[in-house]
Every structure is written in C-alpha cells, then in structure tokens.
Amino acid sequence: MAIQNKAAANKNLDSIRKTIANHKRHDFIFASLGTLVIASLTITLLILFLDLVIDGYPRFNLDFFSNFPSRRAARAGILSAWIGSSLVLLVTFFVAVPLGITSGVYLEEYAKKNWFSDLIEINVSNLAGVPSIIYGLLALGLFVYSFGLGQSILTAGLTLALLMLPIVIVSTREAIRAIPVHIREAAYAVGATKWQVCHNHVIPYSYGGILTGVIIGMARAIGETAPVITIGALTFIAFLPPSPIGLEPPFINFEWLESGFTVLPIQMFNWISRPQLAFHINAAATGAVIIMLTLLMNGLAIKLRYNIRKKIKW
Amino acid sequence: MVKKHNEIIKAESKDLSFFYADKTQALKKVSLPVYENKITALIGPSGCGKSTFLRCFNRMHDLYAGNRYDGKIILQPDNTDILLENVDPIEVRMRISMVFQKPNPFPKSIYENVAYGLRVRGESNKRTLDEKVEEALKGASLWSEVKDRLQDLAFNLSGGQQQRLCIARALATEPEIMLFDEPTSALDPIATMNIEELMSELKQKLSILIVTHNMQQAARISDYTAYMYLGELVEFDGTNQIFTNPSKKETEDYITGKFG
Amino acid sequence: MNPENDLIISQRLAKNFQRNFRERLIEFGLLCSGLIAIFITLAIVYVLVSEAIPFFQYVSIIDFLTDTVWTPNYSIKHYGILPLISGTLTTTGIALIVAVPLGTITAIYLSEFASHKVREIIKPILELLVGVPTVVFGYFALMLVTPMLQKIYPDLTTFNMLGPGIVMGIMIVPYIASVAEDSMRAVPMSMREGAYAMGATRFQTAIRVITPAAISGIVAAYILAISRAVGETMIVAIAAGQQPNFTFNPVESAATITSYIVSVALGDLEHGGIGYQSIFAAGLTLLIMTLLINILGHAVRKKYAERY
C-alpha cells in the first residue's frame, strides 16, 4: 500500500516536473525569439548603412562634394545640395529653436491649467502626428503663394521649422519639468521675478534636454524630403545661392533666403528616379552622407540624454 | 489671547487664515507677533500648518494658483499689510528672505549663488558685488572655508556648507526678517550646531522666524515659541515659559511627549 | 492703533510699475509663441479647405468618393480617390503585418525578459532606427528588398507595393515597440509578483497577465503605427511606382495619397489649376484619415490611463 502510494506520488511529481520543463522551454523559446527579432532589426540597420556605403563607394572623393549635379553621373556631385541643406537648416534652426523654447516655457511656467492650456496641449500633440507632407501642402499654399515667398530657401527653412517645432516644444517641456520646485522657490525667495526665474534658472538648467530635442529635430529636418518636394523645390540646381557673408560692408546679406535651392534628400531622390544605374551610385553615396549625418546626430542626442540622466543630482 | 511682551514688534499676523487651492483650510485665524532681534520658533506636529504659516510671510503661496489668504500680516515700520493685492510680493521677498528645509543652492558657482539676490535687484557693479558677497559669506561663517574657491560649483560643498551658503544667499540682500523652514532637518549634528550658533549671531541684526520639528532646537535657540496644532495657534509665549510652565494642557502634552 | 493705517501701502512695498510692465510684456510675447501650435493647426485646416473648396465645386463629392479612376493630369479626367486609398491601405496593411508581430515581440522582450543592461543597449538602437530618413528607406526598398523578393517571386515588377510595405513595416517597428513597452512597464509590479507567486513562468506572466493588462496601451501603439504608415511618403513614392491603380494586390504597382501629392509636386504645377487643387483635396482626405486615427488612439489611451 505504502509502496503503491509512493509510486503514485512519484508519478505525479514526474508529470509536474515535465510541465515545468515544458514551461521553461516556452520561456527559452520566447527569449530566443525576442533576441532574434532584435538582432535582425539591428542587422537591418547595419545592412541599410553598409549597402549605401558599398553602393556609393565609387563616389567617395572630394569631387563629389565640390561638383554640381551633372548629366554625366560620374561627374555629378552634391555641392549645391549640401550647401542648400546647410542654409535651409540655418533658417530652420533660427526659427524653430527660439519659438519652440519660448512656447515650451510659456506652457510649463506661465499657462494656467485650464481648458485653454488643454487646447494648446492637444494641438501640440496632434501636430506631432500630422504627416510631414501636410506641412508641405501648408507651405505651398501659405508661404509659396499667399506670402509670395516662392520656392526659396526661406520657404523650405520655415516649412521644416514647423515640422521641428513640436519636437523642440516637447523636449523643452520635459526638461523644464525635471527641474525641482525648490530651485524655483529659492530664486523667488530672494526676490526674482517670474521672467528672471525663467531666464536665469529654468532655461539654463534645461539646456541639455532642450539641446537633445534640437539635435533630434535637426536630424529629422536633414532627412525630410516630402514637404520640401511639395513646395516645388527644383531638382536640378547647378548654381549656388548668393553667399550669406560678403567681403564688403555690411558683410552679411540675406539675398540667399530668396534663392532657389536643392537639398541632399531631394538630390538623392532625383538620382534614384533616373533609370541609369550610374546615377543610382550617386544616390547611394548621397544616402550614405545623409544617414551618416543623421546617425551621428541621433547618437549624439542619445549620448547627451544619457549623460544628463547620470549627472543630475538635485 | 496673545500675551503682551515687552518687545518691539517687527511683523505681526492678525487673524490669518489660509486656504489651499483644493479649499482645505490650513490656517485658522492665527495672530502672532514676530519681535525685533528675537528668534521666534514655531513647533507642532507635522501637518499643523507651521510651514504654511511661515510661507505666508514672503507670499510664497502666490506662486501656485488658487491659494487664498485671509487676514493680515502687518510689517513694521511700514505699518502695511503685506498680503494686500497692491503690495508687490517681490518687494516683500526682498525684505523678508527665506532658508529652506533642504539646502537648495542653484547649480551655479558659490559666488553667483550669493550674488544672485543682488543681481535681480539690478546690481552689476563688480566691486559692490564682491564686497557684499564677502560680507554675506562672513555673516554665514562660510567665508574662511570658501574664499579660495568662490568659482567652484555650489554642489561640491557639503550639506552643512550648502545650507550656510543658502543663508549667505538670503543674507546678501540685507533682509529685515529671515524665515527658516526646518533648516537643519537634512543635516548632521555638527552642521546643525553650526547653523544654530549662526542663527544666534544673526539675531543681532534681524528678526528670525523658524519652523522646527525638533523641540530641543526650539528650546536651545529661540526667545519665543509658538505651539500650533491643526492650523490653530494653541499657545505663544517666552520659550522658557512654554517649556517650563505652559499654560495650556495641549502644549504641555506635546512638550512632554505625551502626544505628537 | 488706527486700523485705517493698515490700508496705506508704504512706498517701499508698492508695486514697481516699470518692473511689472516689463514682466507683462514678456508674458505677452511668450503667450504669442505659446499660441503658435494653434496658429499652425488653423493654418493647415484653412489652406487645405480653401484650396479644396474650388476642387469640390468642380468635382462632386460623390464622384470623388466612388469613382475608381484617378487621372486628374490626363486628357480624360477622373477624380476618384479610391485608387489612392486602396494604395494607402494596402501598403499600410503590409506594413502592419510586418510591424505588429515584430514590434509586439520586441516590446514584450524588452519589458519582461531583457535585463536592465540589455535594455540600455537596445533602446538606443531602436531610436537610431527611428532616425533613419525615409528617403533612405525608399532606396532600401527599391534597390535591395524588391530585388530580393524578385528572387523568390520572379514575376514581381520593379515597382510594387510589397517591397515598400515591408520596409515601411520595419520603419514602424520602433514606434510600436517603444509605446507598447511603456504601457507594459506601467503594469504594477504587484501583478507580476502575483503571477510568479502562483508558479507562472516569465512567458506565461507576459502573455496571460501583462499583455491583457496593458492591452489598451498596446492597441494605442498599433494605432500610432497606422497613422505613421498612412502618412509615410517617400518609401512608396520611390518604390511603389506612383501609378494610381485601384487594387489591393500587393504585387502590383500603385500610388498612395502621399505619393500622388509628391508626383504632382514634381511636375509643373499650374497655380490655381485643377491639378494643383487636387493635391489639396487629396491632402485633406489624408488629414481627415490621420485625424480620425489619432482620435481613436487618444480614446484608447484615455481608457488605459484610467486603469491604474
């Protein structure tokens, strides 16, 4: 009897052990699956990058950066595109950064919490979800035709600034929220006004977080193609905009703002759209330049955010 | 009723009530004098409203929407109710400064921390700033420790030094009253002793109102003590009187540890 | 003491007019830039609607919504949005088939299986993937993915919806992964402990406890992904062929709403012409679609916010 019981118990125990082993196998299978998925995503990113670098390799020389686009693929370069991208981003930076920071400061430090601030809040988050091509249509209708700015660097810069704005606003607000209340109170307690608190404390201390958002926004602006195409940016530009810096007083001029232009992603798109394979090499080389710039900037932003998180010790 | 003492009144709350935005009443008709060149301590169990009371004196509650004061705080020699709508809270804070529970220096240099109060007043003369910063740091007995590293980040100081830096920051603008909100609760015993000594020196120049959790501290440093409970002032008298012969049963219970 | 004295404010405590004026001025300036978001929204709606109105005076809304041919730039003009919508839905569908399983697995893995250290390495990689410009993804679809697919399925044309759809799926994996992971990590630790205490394995806890608890957050992540895919432009413009084609067959070439706008913008636009207006009508359709999707997402997320 006792022996029988023991055998039954053993049998029972065996089946439990089996179930546990089964379940453990599920754990293992899923963990492997997850690792596999993540590994393949990483590899995809790597392939993407290497594919562009390998395909574009024949074009990696100084001429590629100092030549205008040309009908002959081997002689075509991205001079007008990288200068155009730089100038457009300059406009974007000087519009989006001040507007985004002041907007974020207003929403965090000044706006009273009521239906109106809720309305602004909903607007900001919705704008972040609007497809970028819609911004292109907005710019086409508003900047190009209503304001008569034409298909200029200024128009493109403003368009990308609108796209970047929600990113700057959100990162500014997050950075401001991380500043503890007692730092603000310390400043108020010695008689600072609200603006002095913002200007001397809140903004400087959220500098790192804002910078992270600005870099991510700029990286996105570099690669943005659809809205810039939509405003009707020309794709064959074999000239440079007037130089922003002159040799004669007043040294700085703003004629370049009204100039036609092309940017790196449009140049790349233009070359992909050609049937000749030789141009695809140019496209790959341009893509490699763009992706290197964006990976570098995003990497910098990630590093920066990591450092801030580690450094803060309020 | 508050007993009359033979002192000069520097500021005085009259029937001061206070309501937070969620309508909770944190103070109920508190009338309490702050005497010139004396240390007045506020004691009571947590949540009794002593910090809320303290923060009325520099209108700190104005920073948050929906808070409401009722009653008066008369500041002398102006004989003005500083809670009036037309009184500028910034002017009030320039004359009544505050030291907080946790040391809260700005993430700036030691020098800039002390100079900040002067800078917001528009002082930009380097010579004047240097003089006043030195004076304030000496006043907070921190000068000898930091005089060679004024440009160092304030966060690099020890907790006790940081709190003395905050005192120097509050002193630099030559306030008439200083509010201390449990200034030593985050500090070790030696740093606490330093701050207590410092407060006794400071009262030669100004009036002090201090909130403390620590009854021994109130007994050691204050000239007058107020016991608060549930937003009401239970008893106010000379510190000696309160700790040796309180007139209210509740005060005695709290002092002797029967309660709280 | 004379009580009336209390009402007199000493000069030293009175409001500093100059300082207060300056503060108000600054606040007004900040308010103006705070309102920028509302201005932009209004401007988007105004521009799209005001350009679409003349279009809809010319083309009836019923034709617009039911005609299955879209040829505004040919001599025989048809203005049926359906081919563009079919293209948009097909590419989005393919993208979701790729991204939903991959994104969900990544989210569960990161939230329930990966150690803190692994997470610290993987999340930045996902962020880098988000940062890749879409024009580069387009190149990837056309030059690498489609040729690979052609090896498996030789009849596949150079321009098709399958390749760009798959690449779009890879592009939106990080969005799903990060939003879904956030909602899973928001599930209280006590629920996990409860499951483990009953002898559940990690996998059982993740599937039977965490996923159902975080389901609305996960659904919100899918909705965000749909909204991204619907609005994505360059991948399809490069690799799907820009040919309006009323089909749901992934191996055929097609145009989406977005790629149509791009293809018109690339040509010579006659300002005020019907072709010009047609891209605003298409844009308005796209905006309404994404708006509806976003509203749905908000609703789901709101429900999820009430859970804990």
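By letter and in written order, the chains are A, B and C; residue numbering begins at 1 in each of them.
One rule holds for everything that comes next: contacts are C-beta pairs under 8 Å (C-beta built on N, C-alpha and C of every residue); 3 or more make two chains touch, one makes a residue touch a chain.
What you see is a predicted model; the values in this text were computed from it and never measured.
**Student:** Going by average Cα coordinates, which chain is farthest removed from chain C?
**Tutor:** B
**Student:** Determine which of the two chain pairs, A-C or B-C, is joined by the larger number of C-beta pairs in contact.
**Tutor:** Between the two chain pairs, A-C has more contacting C-beta pairs.
**Student:** When you take the mean of every protein CA atom shown, which chain's own CA mean is nearest to it?
**Tutor:** The chain sitting closest to the overall C-alpha centre is A.
**Student:** Quick one: report the Å distance separating chain A from chain B, using the average Cα coordinate of each chain.
**Tutor:** Spacing between the chain centres: roughly 48 Å.
**Student:** Hey, how far is the Cα centre of chain A from the one of chain C, in Å?
**Tutor:** Computed from C-alpha means, the inter-chain centre distance equals 15 Å.
**Student:** Centre to centre, by mean C-alpha position, how many angstrom separate chain B and chain C?
**Tutor:** Centres of chain B and chain C (C-alpha means) sit 53 Å apart.
**Student:** What are the residues of chain C that contact at least two other chains?
**Tutor:** 19
**Student:** Which chain A residues touch at least two other chains?
**Tutor:** Within chain A, residues 193 contact more than one other chain.
**Student:** Among the residues of chain B, pick out those that touch two or more other chains and give their numbers.
**Tutor:** 90-91
**Student:** Would you pull the chain C residues touching chain B in the complex into a rising list?
**Tutor:** Residues in contact with chain B: 5-10, 12-16, 19-20.
**Student:** If you look only at chain A, which of its residues touch chain C in the complex?
**Tutor:** 23-24, 26-27, 29-31, 33-35, 37-38, 41-42, 44-45, 47-48, 51-52, 55, 98-99, 102-103, 105-107, 110-111, 119-120, 123-124, 126-127, 129-138, 140-142, 145-146, 162, 165-166, 169, 193-195, 216, 219-220, 222-226, 229-232, 235, 265, 268-269, 272-273, 280, 283-284, 287, 290-291, 294-295, 297-299, 302
**Student:** Residues of chain B touching chain A in their complex?
**Tutor:** 58, 60, 63, 65, 90-91, 93-94, 97-98, 100, 102, 104-107, 116-117, 119-121, 155, 166, 169-170, 173
**Student:** In their shared complex, at which residues does chain B touch chain C?
**Tutor:** 72, 74-75, 78-82, 84, 86-88, 90-92, 95
**Student:** In the complex of these two chains, what residues of chain A are touching chain B?
**Tutor:** That would be residues 112-113, 180, 182-193, 196, 200-201, 205, 313 of chain A.
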